[in-house]
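Labels run A, B, C and D following the written order; every chain starts at residue 1.
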Amino acid sequence: MSKIIAGVMGPGKTATDEEMHLAHEIGKLIAQQGWVLLTGGIKYGVMDAAGLGARESGGTVVGILPGADAAEMSGSVDIPIVTGMLDARNNINVLSSRILFFIGMSPGTASELALALKYGRASILISQKEDVIRAFRYIGRNKIEIAPDVPSAMDIARRIAEKNRA
Amino acid sequence: MSKIIAGVMGPGKTATDEEMHLAHEIGKLIAQQGWVLLTGGIKYGVMDAAGLGARESGGTVVGILPGADAAEMSGSVDIPIVTGMLDARNNINVLSSRILFFIGMSPGTASELALALKYGRASILISQKEDVIRAFRYIGRNKIEIAPDVPSAMDIARRIAEKNRA
Amino acid sequence: MSKIIAGVMGPGKTATDEEMHLAHEIGKLIAQQGWVLLTGGIKYGVMDAAGLGARESGGTVVGILPGADAAEMSGSVDIPIVTGMLDARNNINVLSSRILFFIGMSPGTASELALALKYGRASILISQKEDVIRAFRYIGRNKIEIAPDVPSAMDIARRIAEKNRA
Amino acid sequence: MSKIIAGVMGPGKTATDEEMHLAHEIGKLIAQQGWVLLTGGIKYGVMDAAGLGARESGGTVVGILPGADAAEMSGSVDIPIVTGMLDARNNINVLSSRILFFIGMSPGTASELALALKYGRASILISQKEDVIRAFRYIGRNKIEIAPDVPSAMDIARRIAEKNRA
């Protein structure tokens, strides 16, 4: 049986402290749940913080790297997947994750949310701006989930995983 | 000297009649300008209508196809590029276009707009919802251009092409 | 009706003068046939020479570039497709070409020949080493065509194009 | 510290019993070494056998899947990476593996060996035909390693891993 992979997507260098704190929390909960964490693998922002949270709780971190080598890789990554295809790798992030958490919003993150809506992947938004929520609700025809905080986000994710299995 | 490639991005099957009309108009203007039109290559919606507009005006149409063959290809495509990589090909659409027009908004289109903002590609939005504009202005830190109609969109595009050349 | 795309694959910087001469010849014949030439788009070796041959005969040249911009692009390219995915773009070269000519043999070229055999694309080898022919006949279960010179290669290609249309 | 990833590449449905036996053996040794096994993830041939060998020895198996879902996935895969990009994913197999073992030879396998030579990845051939070895020695300018059996292949791999670390 393959493991459940949960992706955490969010800004790199432009992430706020608050976003990194939330990412660290969700990373911990994903690891405690026994799920594998998937990120974009870079050593900045949400990707890095989520990875560190998962590692501290004994979890496994897969990093889907945009470059052709491990340059700028987060120290949290156990399993680096080297794609060499820049942001075309965002499509792999989405296809490979059974559930996706979105914390903060950069252009790269928005491309991943859009692709998640396209493929119908479960997408849980944490602490997002009202304008962003409204636009993506319109674009995705309401298929996104909004969580007020990290524990609620994880509750939603568990419920979705349970339902998909049934 | 390679030709200037202008991309037109927008919904496929879910495009409205109005969006297809606008796409047809911009396709015509792109061809009349002597630019090559690039689309996602599918025989529905904005991609198809823009392609037909360009073809009717004697232009060249490049279609970047998501599938592994020419299934569902628009009849407007002169040069089909077969990627076999689903929506990871959206990244190629963006990287290959010097200027991008966005008409209508679906998840696939939103992923292309987000990637265009990421790479700093000139992005001109035609007839978009206020909520979408507001969200992407925030995500892209104001780097998008808004055009009220097709001729103004083309004016903006010409100005950008001129400036890039200088 | 979309145009017939013929790919010419071969070494870049390591190409020999003889290989570049053959590439130039096949580029000319492809253009004279009214087909579009597809190459890897780089300004060295077989890609460059085939493109220049096609351009001199008024043909159209599509370059599928490995990088994220037009750096090192051959001056022969009319239509640059910017993939940003390094040699994963070799798969696009193969999928997009109805017929593939192979002149000279580098690791990149070998990956394209192998993929062409995988997808059953018509593959015509010009002036290849006996060892290479023997290995790829074994790998591809004999599906390759061997041409002693450029005009014979083009005869084989025309015959294949004719048969596929029928 | 990220883990060392070793790839095992070889035919799927066309693999021989002997090739599957060798793949199973190398999968076991990779797991016993504490390395992560990477395969193309499909439930046939060398990919499947290597994965099962690794799993039986308590190892971790990453499968880089060509499709857009887990269809035809090997039961040995712990961590499925869903690329949706067909054989363009072969480039990811190569870039992500620090060391690559090649058992048997199909068109897909040949494309991976060619890309490994292009990127200078350590490539160890087990039980290959003399014609194939001769051709790829020529193509790769002698950069391949030839192992007569699985334990020797693993000795070579350990030596390379040791040297790269130093």
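Keep this in mind: contacts are C-beta pairs under 8 Å (C-beta built on N, C-alpha and C of every residue); 3 or more make two chains touch, one makes a residue touch a chain.
All values derive from a computational prediction rather than experimental measurement.
Engineer: Work out the mean Cα position per chain and let me know which chain is farthest from chain A.
Structural biologist: The most distant chain relative to chain A turns out to be C.
Engineer: Name whichever of B-D and A-D has more C-beta pairs touching across its two chains.
Structural biologist: Answer to which pair has more contacts is A-D.
Engineer: At what distance in angstrom does the C-alpha mean of chain D lie from that of chain A?
Structural biologist: 29
Engineer: Nearest whole angstrom, what separates the Cα centre of chain B from the Cα centre of chain D?
Structural biologist: 40
Engineer: Two or more other chains touching the same residue: where does that happen in chain B?
Structural biologist: 68, 83-88, 91-92, 119
Engineer: In the complex, go through chain C and note every residue touching chain D.
Structural biologist: Residues of chain C touching chain D: 85-92, 105-111, 113-115, 117-119, 129, 131-132, 134-136, 138-140.
Engineer: Flag every residue of chain A that touches chain D in the complex, lowest number first.
Structural biologist: Checking each residue of chain A against chain D gives 1-3, 5, 36, 60, 62-64, 68-70, 73, 75, 77-85, 91-92, 95-96, 119.
Engineer: Along chain A, where are the residues that touch chain C in the complex?
Structural biologist: The contact residues of chain A facing chain C are 68, 83-88.
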